[in-house]
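Common to both upcoming complexes is subunit A, partnered first by subunit B, then by subunit C.
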Partner chain A sequence: MDLRARSHPTYLAFVVHRVSGLLLALFLPVHFWVLGTAIQGEARLDGFLRWTDNPMAKAAETLLVVLLAAHLAGGLRVLALEFLGWRARQKDMVAASAGIALLVGLVFLLNVV
Partner chain B sequence: MSASERHGETPAAGRPRSATTRAQTHLWVAQRVTAMVLAIAVVVHLVMIVMAVRGGLSAAEIIARTRGNEAWLAFYVVFALAAGVHGAIGLRNIAAEAVGLRGRGADLAWVAAGLVTAGFGIRAAIGLYA
Partner chain C sequence: MAEVASLKVSVWRGGEQGHFARFDVPARENQTVLDVVTHIQRELDPSLAYRFACRVGMCGSCAMTVNGRARWTCRTHVRKVVDADGALELRPLANLPVIRDLAADLAPFFDKWSRAHGTFQPKDARDGAVPDDFAVVPPASKQRREADAGIECIGCAVCYASCDVVAWNGDYLGPAALNRAWTLVNDVRDGGRGERLDAVAGDAGCHSCHSTQSCTERCPKNLDPSAAIAGLKRVLFWDTLLGRR
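And then the complex of A and B:
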């Protein structure tokens, strides 16, 4: 097997996009179920939100925010490539996507703690 | 490059190639269109999240923003539909490549799952509105 393609940054970008998309898709039903508890009243939703007020839940939320930002930035890279033909400097585009994702995560973390 | 080539898939055996590739192209287009909608929605959502978590997240704070607000309701309905469909098509692509789950029945099941997920999102959005 020729592994050269797999050592390129765009392969890493593909893996990150796939894993983040997968985890976000699994998170979605949970997210909707939690928000749906608001139908039974504010207290129900508040109960859940208070349950997530601990370091473990906040770490998980931060990870989700990073995944969402990474998938967003990486997805925009793919769309720009496909529809606008932005083929040049893909390494830099991947690096910029990673930078955006980490920056959003950092801002979230600074606000949440 | 066609949608099927892009995903490295071969059309299901015993099925006219054109029908299968056309269905795949439809799914490919649907995923790209929903991705563009989501690009805007997710930026809005991320800004909102980062602002909302300042000083702790409470149901009262969320509902103060969403109750009786048609603009947020409309936003969340569109967001839920786009995310449900986009996520399901994405899962379909992964399942097709990883475990070879393909074909018209599987495609329809994935789209249905996406719409059910979107339905739960819309239900939640209505809960926050009403």
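And then the complex of A and C:
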């Protein structure tokens, strides 16, 4: 693949949207598995939640929040393009979507650390 | 660009399978990529195949892949695209069959304009008769402005060669054909709206677009095919939801 033809902001936004969607889809089974542990008893769920207090899990959680925010903001950008016909300032909208995603991640980080 | 005495030009030779041939071309103060190709063909290797006609950005026939990006070569200054060491890499347009060297076969590209119903169908004269009077289309009307936005397409296929969806799905109509369809959907004199929307609604039509906007990014005429495709999606969505088609 020749990246020279694809090095522009809206292509990068497309890749981020796709990859974040795929990673979130991969996360979903884990999410349901954790919820499933609650059915098997409070102690097991609490045990798992205590394990997630370790810094690595918190970092992964923050990344997950950023992915979720990026996917949401990117999706809203595409919806605005397709349903509202917002054709102007697409690159600014990509930058705003990225900014929102990082801001949400930062707010999450400030709350959990 | 740093001042270099000569350009190191790698030119694709052959068909789908081929190789790069290396030429040294004198660097000039004002020089387009098409000037470089013409110099090679006239002075260094007359067997080089390429295509051009108007040389002023009107005919859309000289597009090639220049240093990895599709561009109209007659209006691309070398100094804007060349590497610091004077290297230029020229290939035929991507996503199209290669006839030979730098000449790509645009037949599939224009076939898709036909499949997208890219021909004006007069509402008042389906049998080809000349209407009694001129159609009045107010320049400030919304539909006229939408049609104006895409009307200047010169059919150079730069958008088509830059589109990943074309590469992934060989049947995809592509940005230029869909841009043309959107222009005609907004033409109040046109009577082929229903058939045209059917033609662009399938798997190979507008819904396949992922909005990477490479077409808009690369269009040498600064058109916005991505927005045209979004317009088609929007019209199809509402027409289908409200039972208008």
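Rule of thumb we're sticking to: the second predicted complex is superposed on the first by the 108 of 113 C-alpha atoms of A that agree within 3 Å, B and C clash if a C-alpha of one lies under 4 Å from a C-alpha of the other, contacts with A are read in each partner's own complex, and residues count from 1 in each chain.
The rule is short, and it goes like this: a residue touches a chain if its C-beta (ideal position, glycine included) is under 8 Å from a C-beta of that chain, and two chains touch if they have at least 3 such contacts.
Given the structure is predicted, the values throughout are model-derived calculations rather than measurements.
**Q** With both complexes superposed on chain A, which partner does A:Phe108 reach: first (subunit B), second (subunit C), both or neither?
**A** In the superposition, A:Phe108 contacts subunit B only.
**Q** Of the two partner chains, subunit B (first) and subunit C (second), which one does A:Asp46 touch, if any: first, second, both, or neither?
**A** first
**Q** Applying the document's definition of touch, where does A:Glu82 land relative to subunit B and subunit C: first, second, both, or neither?
**A** both
**Q** For A:Arg6 in the superposed arrangement: first (subunit B), second (subunit C), both or neither?
**A** Only subunit C is touched by A:Arg6; subunit B is not.
**Q** Could you let me know whether more residues of subunit A are touched by subunit B or by subunit C?
**A** Greater contact footprint in residues on subunit A: B.
**Q** Now for A:Gly99: first (subunit B), second (subunit C), both, or neither, which partner does it touch?
**A** A:Gly99 contacts neither subunit B nor subunit C.
**Q** Determine where on subunit A the residues touched by subunit B overlap those touched by subunit C, and list them.
**A** Dual-contact residues (subunit A): 82-83.
**Q** If you look only at subunit B, which of its residues touch subunit A in the complex?
**A** Contact set of subunit B toward subunit A: 32, 35-36, 38-39, 42-43, 45-46, 49-51, 53-54, 56-60, 62-63, 80, 83-84, 87-88, 90-91, 94, 117, 120-121, 123-128, 130.
**Q** Along subunit C, where are the residues that touch subunit A in the complex?
**A** Touching subunit A: residues 65, 67-70, 94, 162, 164, 210-214, 216-218, 224, 226-227, 230-231, 233-234, 237 of subunit C.
**Q** Which positions of subunit A touch subunit C when the two form their complex?
**A** 2-6, 8, 10-11, 14, 78, 81-83, 85, 87, 90
**Q** Which bits of subunit A are touching subunit B when the two form their complex?
**A** Going by the criterion above, the answer is residues 18, 21-22, 24-25, 28-29, 32-33, 35-39, 42-43, 45-46, 49, 52-53, 65, 68-69, 72, 75-76, 79, 82-83, 104, 107-108, 111-112.
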